[in-house]
Structures are given as C-alpha cells and as structure tokens.
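Chains: A, B, C, D and E, in written order; residue numbering restarts at 1 for each.
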C-alpha cells in the first residue's frame, strides 16, 4: 500500500528531524526529572520549599541554551522538520537563547524566597520555556496553537503562584482573557486555513492561496489570528490583562511574563506578517497595520504609566510600551530592521531582568509602592545605582545599551523609509522618539523618590546576591553600548528570506 | 639720533608720562593702607604735578602747529589690524595742558576739601583714573580707543558723583548721569559701526581722507548724540545740574573743565566728518542749550546749580561756534572757560566748606548752598570774594578778562559769516552773553555784597592748600592767558583780527547788562524767585527792559518746567515704561511660555488617566473592550 | 444528507441559544451537552467520523462532566442552586451581533466557489490512516499534546492542592 | 453535497453566541461554557474546510488537537475558578476586581 | 609628555570619581582635596596642551583617533564609530575655560556639607563629560558626553538645591532631553547619508568627513547635491533646523529658556556656576561645531532667523532681568541676554562676528562665574537673595562692593573688560555682514542700554543709600569677604581685565578658526 511503503522512510525522516531538536528535548528531560525529584524527596512532597529543583531547572535551561549556542554556527538555511511544522533557523534559535537565559535568571531570582510547590513551579517554568521554543520555531497552524496554549496554560497557573487572594484573581483574569483570545485566534486560523487550503503558513501553497483570494475576509481572518499573537505580546487592543496580572503574580514570574511569552509571540507574529505580506504583493498593507498598532501601543503604554504608584503596574505599562518598540522592527520589515529588533529584544531582556531583580530586592525589604522608595537612595546607593542604570537603559539614554538599541530601531525605520518611501513610516518616527521623553518621566520616578525625597531609608549591606547579579547585568548593558558590534556580529548571521 | 627722531622720542615719552602719571596716582592711592589715608592726597597731588610737567614737555616739543601721529598694533581682528596710538595736534596739546593743570589744582584743593572724608582713598583713586581716561580721550588717535576712554570717563564720573553713597539724591544723580551717558554711547557705537562698515578703519587721520559714501549725515548725527550726552547739550542736559550732588572739587574738575569739554573736543576732532546740514543741527542745538542754560541759571537759588546751568550755556556757545565753523574760537573759549569756571566752582566750594564748619561748630543747620541764606561774605572771606569776582568777570566777558577775548573771537567769526542765519545766531549769542552777565552779577551780589549786616562771627578763611589753586585760577582768568593785548584774541593760540564792530557791540552789551542788573538788585534785600525778581522790577520802565525780561522770565520758568516735567518726565516715563514693560514680559514669561510646558504635561497625564479608565478590573469588560478594539481596527483599515 | 445537516445544525444553534438564556447554571451545562452532540452529528455528516467520536468521547464525556462537577462544588458551598444572572446585555449583544453580522455578510459575499466545494467522491476514510498520520506526520503535535496534558495535570493539582488548610483564609 | 457557506454560517453563529455568553453571563463557569462553544465553532470550520481536499487530513487532525487542548483548558480553568470561588466566595467575575487602577 | 593629553584630561576625573567611591563617607575633607587635586592636574595638562597647540592655522591639533566599533549592517554597508578627539581654535579656549571654572567651583564647593561624597563624585563625572563634549569630534561620542552631563546635573540640582529643587531639576532634565532627542534625529539622518571618503558602504559619525559634501552617499536623504524634500522643504533645512532648536534649548534661546531661571535659582552656587559658565557654552559650541559646518547652505539661508532669535533673546533677556526680584534670577536672565550676542555674532557669518561670538562665550563664562559667586556670597550668609531686602551694603562690605562693581560693569560691557571686546566684535560683524539685516544690529545696541539699566538699578538699590536690611537677614550676618572668597574672585577679575586689555592672547586661537569657519560657510560647500 502506498502508505506502508512511505512508513519506514517517514520514520527515518522523523529520526533525522529529532537530531535538530536538542534544546527542546533537554527541557523536556528537565521537566520530567524535576517532577520525579518532587515526588522522591520527602520534604518537597510536603510542599515546603527547597532549592534543589531550582538548581535542576537552572542547569536544564542553561544546558539547552548552550546546545542552541553551539549549534549556532553550522545552522543550515532554515530546514523544515516534522512535516514542515517547525522551522529551525537562526531567527528562532536567537530567541530560544534569550528565553533560556531568561528562564535561568528567573530561577536565580526565585532562589531567595521560599516558595511552595517548588518542583511544580520549576516544571511549569520549564514548560513555559519549552512552549516558547516551540512557538518561536513553529510555522504550522497546529503547532502554533498548541505551543501557544502550552505557554498560556502554564502561565495561568504560574500567575496564581503567590497563593494569595490577588494571585487567585490574577490567574482567573489571565485565564478568561487568555482563553478568549486563543479561541478568537483559532477561529482566525481556521478561516485562513479555509482560504488558503494549507495549514503551514510559511509554505508556498499558503502564500498562493492568499494572493489568489484578495478579499475583505482575508483581512478579518488575518486580524483575528493577529489578536492571539498581540495578546501574547500584550500589545494594544489585547493588553488589558497585563497590569492586573503583573500586579498579582510573584516577581520572578512577572519578569518571565514580560520577556518569554512576549518574544515568542513576536517571533510567530513576524513569521505571520512575513507570510501575509507575501513578498510585498498582497493588497492589504500589513506593515501599516502593525505600524499603527506599534505607535498606539507605545503611546498608550507610556502615557498610562505616568501617574502609576504601584511599581509592578508601572513595569506592566512599560513592558506594553516596549512591545510597541519591538513591533516597530516588524513594521519596517526589512532584513536590517528584523536584526535590529533582535538586538533590541536582547537589550530589553537584560534591562527588564535588572529592574525586576531590584524591585524584588526592595519588595523583600518592604518597599511596595513607588512613594515607599523615599530616602532609600541614600542608605542603599549601590542597589539604586544599578536600578538607575536599568531604568535608564529602558528609557534609552546613552551610557547604556538601551540607547544603541533605540538608535538602531529608528535607523532601521529611517532606512525602510529610504527604500520604500511610504510616508506612514515617518508617522511612526516622530511620536516614537517623543515617547522617549514621556517614558523618561515615569522611569525616573523611582530614582526621583529614592534620591531626591528624603525619608527613613532601608538598612542595606552591599555584598548581596542581587547586587552581584545586578553588577553582571549592568556590565552587559554598558558593554553592549561600548562594543555593540560583538553582539551584532552574532545577529548579522540571521538571514531572512523576504 | 637725528633731531626729528629725538623730538619724536621726547613726544612719545612725554605723552606716556602724561597718560600714566594720573593712573599711577590712582593705583598708588588704592594701595596705600587705610591708616595712612592722609598720605593719599599728597602722593596724588605730586603725581599730578609730574603729569603737568610731562604736559609742558609735550607741548613744547610737539609745538602748536604740526600734528604728530605715533601708533602701535593693538590686536588683529578678522584680518585687518586695530592699532592704538597717540595723535598730538594743536588742540590736543592745549587740552592736555588744560586738563593736567586743572586736575592738579583740583587734587590740591581736594586735599583740603575732603580732609575728613572716610573713603578718601576711593575718591583719589577715581579722580586719578578720571584724569587718565580724560587724557586718553584727548590723545588717542583712533575712534575705538577714544570710545573706550569715553565710556570709562562716564564710569568714573558715575563713581565720583555717587561718592557720598549715603545721600539718596547722590545715588540717584550718579545713576541718571551714567544712563544719559550710556544713551549717548549707543549713538557713539552706531557711529563707530557705520564708520567701520564704510571706511573699514577707526584711525582718525585716515578717516579724514575717507568718504563715507552717503552715510555722513547719519554718522555725524550719531556722534552728535554722544556729544550731546557728554557735554549736556539740549536733549540730554538735565543730568549735569543733578550731578552737583557730588563733592564740589569733582564738579569743578569734571562738570566744568574737562569731561563736559570732552564732547566739544570730540566735535573738534571729527569736525571734518560733519556735512553742512549736520552743522546746522549742531548750531541750532548749541544755541538752544545756551539760551535755556542761561535762563535756567536765573531761576535757581543753589550756587552750584547756577554755575552748572552757566556751564551748560557756555558749552552751548562753544557748540554753536563749532557749528558755525569757528573751530579755533570754540577751542579758545573752551580753554578760557575751563580756567574761570573751575575757579568759580572752587570758590563756591570754599564757601560751602567754611559754612559747613561754621554750621558744625554753631549747631545751626540750614542749606549752605542756597544763596538766600548767604550774603555779606565780602569781609568774612576776602580771598574767595576776589577770586569769585575775577572768575565771574571772565565768565561774563568783561573786557580785560579772558572770557571777553574768547567771546569776541566767536562773535567776530559770527558777524563775518554770510547769510541771515549767522545774524540770528549772533543776536542770540549776544542775548546769552547779556543773561550770563545778569546772573553772574546777581550771584556775586547776593552771596557777597547784599545785606551786609548778617553776622557770621569769625569765619576762618579756607586753608592755604585750597586758597592757592583758587588764586591761580583767578589769575588765569585774566586777559594774558589769551594774548598780551586785552582787546584782541589773536595770540599764541590763534590769529585773526577782531572786527571793530564786534568789540564795540560786546562792550555795549556788557555795560547795559551791568546797569540793568545793578538796578534791579539794589532794592531787594534777598533774592526771590526768578519770575518775582524779573517781572516786578518797577524801575526798569524803558521798553528794552520790558521787551527782554517778560519773555525771558517766562522762558526760564518754562525751561524749569520743561526741565522738570518733560525731559525728566520723559526719562522717568521711559524708565517707568521700561519697568512696566519688563513686568509684562516677566508675566508673559511665567504664564505663557511656562504655561505651554505645563499644559503638555497635564495633557499627557490626562491621556494616561483616559487609558487607565479601561482597567476597570472586570475581566468580561476587558474581553469586550478587546473585541471592540479589534472591530474598530478592522473598520479603520477598511475605510 | 442535507437534511441531517440541517437537523444537527438546528440542534446546535438552539442549544447554544439555550445556554445563553438558561436561568439555572445546571440547565446551561446540559444545554452545552446537547450542543456538543449536535456538533458531533455535523462532523459525522461531513465524513469526519473520527473527529465526531473524539468529540463525543472527550467533549461530551469529559469536559461537560468536569463542568458539572465544578457547578456542584460551587453550589455546595453557598447552599442555593447557582442562579446565573445576566448583565451588560447591551454591550454583549452589540459585540456578538456585530461579529456575527460582519462574518456572515463576508461569508455570503465571499467567493468560496473556487475549489473549496467539497469533493463529491468524499467517503469515509479508514481509521488506520489516522493512526499512521498521527504517528508520522503529526508526531510532534502528538507528543506536545501529551506533554501539555501532563503539565495541565501538574498545574491543576498544584492549584487544587492548596486547599484552605494553609495560606488562604 | 452541502455547500460550504452553510458550515460557515453555522460556525459564525456558534462563535457569536459563544462570545455573547462570555460577555453577558455573570458566572465564571458560564463563561467557560461560552469559551468551549467558541472553540467548537472553530472546529466546525476546520472540519468543513478539510472536505475540500479529503486526501489530506490536516483539518480533522487540527480539530482533534483542538479538542485535546480544550479539554486541558477546561481542567485548568475549573481548577482556577474553584480556587477563586474559595477565596472570594463567589464566582461572579464582576465582584472579583480588587486588582484595578487605584 | 605622552601625546594622549585629551584622553588623560577627560578620564582623569572619571578615575578620581571611581576612586572616590571607595573613600568612606565621613571623611569630607578628603573629597574636597581630591576634587581640587584633579582640577589642578587638569590645569597643568591644559597648559601643556596650549603650549603644544600653538598653531597659527585653524586646523585640528592633539588628534587622537582609534576605532570604537563598526557594525556591519548587511546589505546596507557598515556603520563605523570612532573614538576621535581633537582640538582647534574653538574648543581649546572652551576647554581652558572649563578647567578654570572647575577649579573655581571646586573652591566654592568648600561650604557644601550635605552628602559630600555623592556631591564630589557627581562633580567629577560632570567635569569629565563637559571636557569630553568639547573635545569629541565624532557625533556619537559627542552625543554620549552631551547626554552624560544630564544625569549628574539632574541629581546635583535635585538633591543639593533650594526649595523648589525637584520641579527645577525635572524641568531642566525634560527640556534638555527634548533638545537631545531632536539632535539625535538629525544625527541618525547624518550617519545614514554620510560615508567615509572612498568607499560609500562604510557609514561614519566623523564630523570632519561629514563636513565636505563629497562624502555623502549619492541620492541619500541629506546628500548636499541631491534634493530630498520632506513636506516641501529640503531635508537639509529640516536637519539644520532640528540641530538648531536642539542646541538652542541648551544655549537658552528665548522661546526655550524658561528652564534656566528655575534651574539657576534652585541650584547650589557651585552647580549654578558650572551650569551657567559651561553648560550654556555647549549649546553655542554645538552650533559652531556641528550645525553650521555640516549644513553650510541651509545655515546661510536660515541665518536671518538665527539673527532674529539672537536679538529677541538680547532684548527679552534684559527686560525679564529688569523685572526679576531675586538676584540669581536676574543674573540668569542676563545670561540669556548675553548668549543672544553669541547667536547674533554667529548669524552675521563674518569673521569679526564669529570670533566675537566665541570671545563672548569665553568672556561670559568668566563674568557669569563671578556674578553667581557674588549671589552665592549673599546666599551663604543670609539665605535670602531678594534685591529689595538689602540697601547700603557698600558701607559694611567694601571689598564685596568692589568685586560687585567689577563684575557688574564687566557684564554690562564697560571698556577695559572682556565683555566690551566681545560685544564690539559682535557689533562689527553684525553691521558688516550682508547676511542679516542692518536693523537687527541697531536694535541689538539697544540691549546695551537695557543692560546698563538693570545692573545700575540693582547696584543703587542694594549698595547705595542708607544701610538697612529687611527680611530675615540681619546686618551682623553680612560680614565682608573671607580669604577663600577673595581667592576665588581675584583670578576671575584678573582674567576679565587681561582679556579686556590684551584680547590678542585669545584672538590668536579664535581668529584662525573664525577664518576657516567663514570660508567654509560662504566660500566652500
């Protein structure tokens, strides 16, 4: 029978595909090991805290990151595995590296506070990482939906991990909003599947289907699908969940939410927009749509954060604004701008973890809302110095890499304007830059209260874990500013078939 | 060295001495510690003596008839070089002589006058600095250096007028003086710039040959504005009478002999630049100033104010002479005026000084300077009386005195001039001369001669160190200063024949003026206000008297009123307008410009609040708003 | 064939509307069960019998049962049957009808005629093809789904485990 | 054969009704029901579009996986809703809104 | 001496700041000594630099140039940024001014007692940033130092300032950041269209390359030969306008100046000295170094606007100074008026005008330091700067009165002081220039009279008349200057005098630069 004849060849083909699936397998193994450890060690079974699972998680994520780093150079031109659902190219492996390091840092951050159900916690975080890996690689609709759901479901549980009243409410809100947007996305994907007939968005058949069927329905289907990705990135129409969930979830989880699902969503959104613009012939100008969303998101995120008194909610709005900046890279949609976006993502990740690390450090010292920071600057200058460096990098002021990142993003935009000369890019250029000024206003509130207002400070000693971690991150930020070509050399290898 | 070279060397050396000696005296008196402050006046006077010696050497070498010009590079600006040097011609030489002599005498005089003053060191520093800058104006060869000294002179006059800081009117007067000078300086700068733009250089000797391509009149008028401010000409004269608030020796040096003369000297220096129309404006202004000055002098009671207005009117005469083109005559009058006016001021100073001491000893307090409380000083202060009479006579132009000769020089030039314009000028000149005589006589009469009976008790004569300069100046107002023959003005300074008619007319004017003034002062025991004195002189019934007095009375009160209300008014108004304008601008600055910034900040936070209203916390509303967001997006893209 | 489709479609839509207007939560759950069965019927009609069976087995059998357990649990604490009130009628209907109107007009105008017509020779496919496909082409989603189920199990256990004995008062 | 528009209309109505339920119902579990409905609507679409090329089974395969995922979601969803219920003693999302703009 | 003078000059304070972190907080004397020592060494280095500079031609000296980084941007070529330092007629005097003012500020910060460690660390960083931005000749390096000044300034005003210090520091930060954003936009445009001579692929930040038109990628946005229009106006004009507004905010030009009085009134004396003497010059320096040379054609066509804004600043600054009641606010507004001359000189595009502008920057730097120290002397004693609360001070503070006289008369342009020379040169330039209308120069002369008005009015109210102190202060608090203050004022007065009498000392350096600048502006491009 034809089918049987193909069987051995297919099985052998799967074995070949598994070869390139290293990091994911490591994470999978990590999850299993952590769960087993959770059962075996008596203390864990009782649900009390211990740090062994965190160490295992750390090792797993770093190992996965190392494998994908090692595989960086001989990466062939994105090959399609598992029946074309997965594309293992440098674009996705760069994001995988960032997500793994983010996971590792989350484990480092959560080393300190004794957490209940530690092994389950590590398993969930590892599964978020695995989901992000799959999502950033997936091209097939099934895999997109599946990995997106994997990230989402684990995030719903993680959101409630503070096991306090606000945790329950946070996870409920996250769940309802997340499932609704997943359903909307699924409906969009099904319509796209119907229009194009193929479920692999990067395949030739999908693109021809799109071109053959230029109609309003395509626009609606595309937007509905886009809704799911925007939810993951917390971009404008689908951003309403972010402030409440960020406020509810524990700090390491919030740090994870602000980086990993966002970057995974960004990856799949980029692939989707690439496919949708279909080498530029598609009538619907997807770049303009993404550009519009980008600008509205940046402005809304920045403006809403102005009067914020809760540090976590302020960081939620800041992450909304930053996803707007990332979307600018997609809106420009040249090979350059995608590479610059990758650089921006790396810098954003470093700065975000630096700030969250220190917010957690101060939260553990009882400083919850921003006004509580009054006077702490004098008693704990080192911590506030590093926190200031992180916030300045998020704003984009020179000595830190944030400036170079923003500079490159806007150069990509400027350059795209030069090539395509469509004027909507200019509409993004000026508000984008002016938002930096608004951003400065709220990013500086914490140092403003810490240094300028006098209050009873918080006793502190300098040589703590957080300061060490902070030092490493600040040095990376400064290093990236003074030697950006090191990182860009890596990123330049990301080739893109446009 | 060839004879010519060493003369050049001597001239440069002499001018260096002349310039630097006063500066050295200023610096020396600053350095002398407070304990030895009495030493200051000695060192200063000695240094000024050195300056006088230098001036004599300079004048003897330079000679009166050729101009010498020496200059060194000062700094290069934009390619072309700005030089700094000295230009010694006849007028400069004479002026150097006058300035140094008068300054030396004033230094001596102040040694006595300012003996007890607390900040005497600052006084002598400024006096020395003033002389240095004045000599700078006289000697400098290019307009830029001249302008620098011009402003520095203004500054030193500001410091000297405001010497007694506690007196509020002194502070007010010094500020007003400096502001008026400053407005003049604007004119000077504008003139400078036009000259630089058109001629490309500041050097006076080069400028003489350069044409300013049609900008002559504007440049000339700009320079005249500066001259008017400095020499208190018509529009900007009100600062001089107020400047009397300063110490009297300062008034003697600055507001009689030197600084106010600087304007006239500058007018002489750049006379070549003035086209005919500008000269007419100058003459008109000169005449107007002369008249108002003389009339105002009649209306006042304060000795120093009367002398100040007389200076204003004499300066008006000099400017008119220059306007008419009589450069030598004007310079001569400048020379003679410097000596006799300084003498008058020093004499007045002596009176004030002694009466102050009397006041202190007797405890009576009354305004020493008001001629109504004075009188009968003839016997009490004989030397001062003699000096006062000598200088007063010179001022009034009585024959046998230098004033007569220099006025005659100007008059003869006017009479020889063609055209009815010079006739009118001559007539007004004579009228001013007439008024000068009247107010001088009135002054002398009421201060020294009237109401003999007033008992002053034993008024000590002023110390010798003050009397000597007065006597010197008194002698210097005699006729030998100008030429050996008392009736002709051609002598060592200038040549020229006085037309017969000129001498006759001036003598006639002198006699009639003396008669009228003698008549109407005799009856009155104490001087009353101008209108009072002039209008109800029932003795003078002849037509000429009535014809002249009523308009003059009105004129003088008018001038006083104009002076108080309009010119000062304009100035106060301008200052007031400035302040209100400043406050309006300050208000704009706070509300509007700041307003915009705050508005933007409020807009941003309002927009933030709007975005946050969606965060109502209710999850189902979130889903609803998300859905509506998508719908809106599609609608937006579709349309 | 066409009639069966219409019947099942009617059942599905009616039961869906029933959920919307159900007074009691329990009735809503039952309505959902009926709707699932209707949908399973539609699958069967369109030759997707394997999906229909999975639908009945997983959805109707599993999900509805859990939901009923959930309803029971929530009702148990307060003692009264969970009445389900409705609110925000205006915004809900606005959004729902807006979406429906928008989509349906598009579908009706949409040119689906070209090649999307279901092929006439469609016949029930052998189930074993599903097995082979599942294990070869769709091996990755299959394993992924497995992992997802495991993680859901762990997550739900963690949430459920923190019963009120420790933190939550 | 059954024209495709019927399927689409059916799935559109189901999707809309699901959406209305999610927004209108004042009980978390009811919202869950609405979500399940929306997922089913999508499934109908997938299965319907698969009829166009019966030789490939990707539509149906996708539908099966959706069902699996929907099951997981229902499980986690109920666990979360029950936890919220235990804490807030109510399942009405409107009253569970302590986390909002202060 | 090693040839990396500029690098040592910039990074010595940074090293010292790093060192200061390890000195324990309570040894405040150490910090003061450290700060002064660093400034002293910098002074020596500057003298060596001046000696080794000694050039007649206006070209660059003491050049240091190493590769900073080069990003290869795939198809679009590579972007190269260099660590490129150099000094010419314009930046050498300004660097000398910076080091001198830093020494004075160091001495005047002797009275700072609150948080001494933080204060001096920030001062050292500020020191490095200011010198860096004067010496940098690479756009990115310039922008780094330009932004690097904001943070220390923000904290210096914010923590050690007066009552409304938070408002003032935030306003300062926001204003300057908006300015730097505009400058950033122009820089991006520049380096996208500029390229290294030779291969068009490598884009560069180097100012010297971007100066001559041949180094532009043909057909790029800011290519001088190509005409790329945005909104109907040539892109080069837009770029010049952006740079002009960006730097005008820093050099407070009238519409954008409202941050200056607040920042000055609230900042502590040494900080407001640095703010006035140095930070304002960065604005002027930026215009002369970047905006004008890179867009000569646009600069010429927009010169009338620059001149107009200059004159408006002169008049507006003088009027608002007259209306201000606080001494420091008066001095701040007078700075606005004085910087108006710099704009006017620049706009005249004549050699006298430009060298006048640079001369004015240096002379204003010295004079305004004196002015702010004067205000500081009063504030240190009585914490009250209201003008009408004092009168007759001359009697009890004679030395202070002499210093005030020198400073005020130098500031209003009395001959013999450097202010006069600068103003005369600016007027010569303005009158002679055919680029801006003659009426602008004439109205500017009005500024002189206004200047005299408010300064004399202040002297009269504060120093003349009866001795009487209203408000909280009391007469015995008003002691005369002590030794430390005299040590500060003496060199300042001396320099103003020397620069007034022998301008050739400074003009030797400025003139060649001005010659080159004018020929580039009118002759070249």
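Here, contacts are C-beta pairs under 8 Å (C-beta built on N, C-alpha and C of every residue); 3 or more make two chains touch, one makes a residue touch a chain.
Since the model is a prediction, treat every value here as computed from it, not as a measurement.
**Student:** Just to be sure I understand the contacts, which chains border both chain E and chain B?
**Tutor:** Per touch definition, common to chain B and chain E: A.
**Student:** Through how few touching steps can chain D be joined to chain E?
**Tutor:** 2
**Student:** Of the chain pairs A-C and A-B, which one is connected by the greater count of C-beta contacts?
**Tutor:** Result of the comparison of A-C and A-B: A-C.
**Student:** Determine the chain that sits nearest the middle of the structure, using the mean of its CA atoms as its centre.
**Tutor:** So the chain sitting closest to the middle is E.
**Student:** Could you state the distance in Å from the CA-based centre of chain A to that of chain E?
**Tutor:** 44
**Student:** As a quick test, compute the distance in whole Å between the mean CA positions of chain B and chain D.
**Tutor:** 100
**Student:** Just give me the whole-number Å value for how far the CA centre of chain C lies from that of chain D.
**Tutor:** Here the centre of chain D sits 6 Å away from the centre of chain C.
**Student:** Roughly how far is chain B from chain C, centre to centre by C-alpha average, rounded to an integer in Å?
**Tutor:** So the centre of chain B lies 106 Å away from the centre of chain C.
**Student:** Among all residues of chain A, which ones touch two or more of the remaining chains?
**Tutor:** Residues 142, 146, 149, 153, 156-157, 160, 165, 168, 171-173, 176, 180, 184, 194, 197, 216, 220, 243-244, 441.
**Student:** Spell out, as numbers or ranges, the residues of chain E touching 2 or more other chains.
**Tutor:** Answer for chain E, listing residues that touch two or more other chains: there are none.
**Student:** Among the residues of chain C, which are close enough to touch at least two other chains?
**Tutor:** If we look for residues of chain C contacting two or more partner chains, we find 88, 91-92, 95, 99, 102-103, 107, 110, 112, 115-116, 129, 138, 141, 145, 148, 152, 155-156, 159, 162, 168.
**Student:** According to the definition of touch, which chains form touching pairs?
**Tutor:** Every pair of chains in contact is listed here: A-B, A-C, A-D, A-E, B-C, B-D, B-E, C-D.
**Student:** Touching residues of chain A toward chain B in the complex: what are they?
**Tutor:** 172-173, 176-177, 180-181, 184, 216, 219-220, 223-224, 227, 231, 236-238, 240-241, 243-244, 284, 289, 292-293, 299-300, 303-307, 438, 441
**Student:** How about chain D: which of its residues touch chain C in the complex?
**Tutor:** Result: residues 1-10, 12-21, 23-27, 29-30, 32-34, 36-37, 40, 43-44, 47-54, 57, 60-61, 63-65, 67-76, 78-83, 85-87, 89, 91, 94 of chain D touch chain C.
**Student:** What residues of chain C sit close enough to touch chain B in their complex?
**Tutor:** So the residues of chain C touching chain B come out as 88, 91-92, 95, 98-99, 102.
**Student:** Okay, in this complex, where on chain D does chain A touch?
**Tutor:** Result: residues 4, 8, 11, 15, 18, 22, 28, 31-32, 35, 38-39, 41-43, 45-46, 48-49, 52-53, 58-59, 61-62, 65-66, 69, 72-73, 76-77, 80-81, 83-84, 86-88, 93, 96-102 of chain D touch chain A.
**Student:** What residues on chain B touch chain E, complex-wise?
**Tutor:** Chain B residues touching chain E: 74-79, 119, 144, 147-149, 151-152, 155, 162, 165-166, 168, 170-172, 174-175, 178-179, 182-183, 185-186, 189-190, 193-194, 196-197, 575, 578-579, 581-583, 585-586, 589, 593-594, 597.
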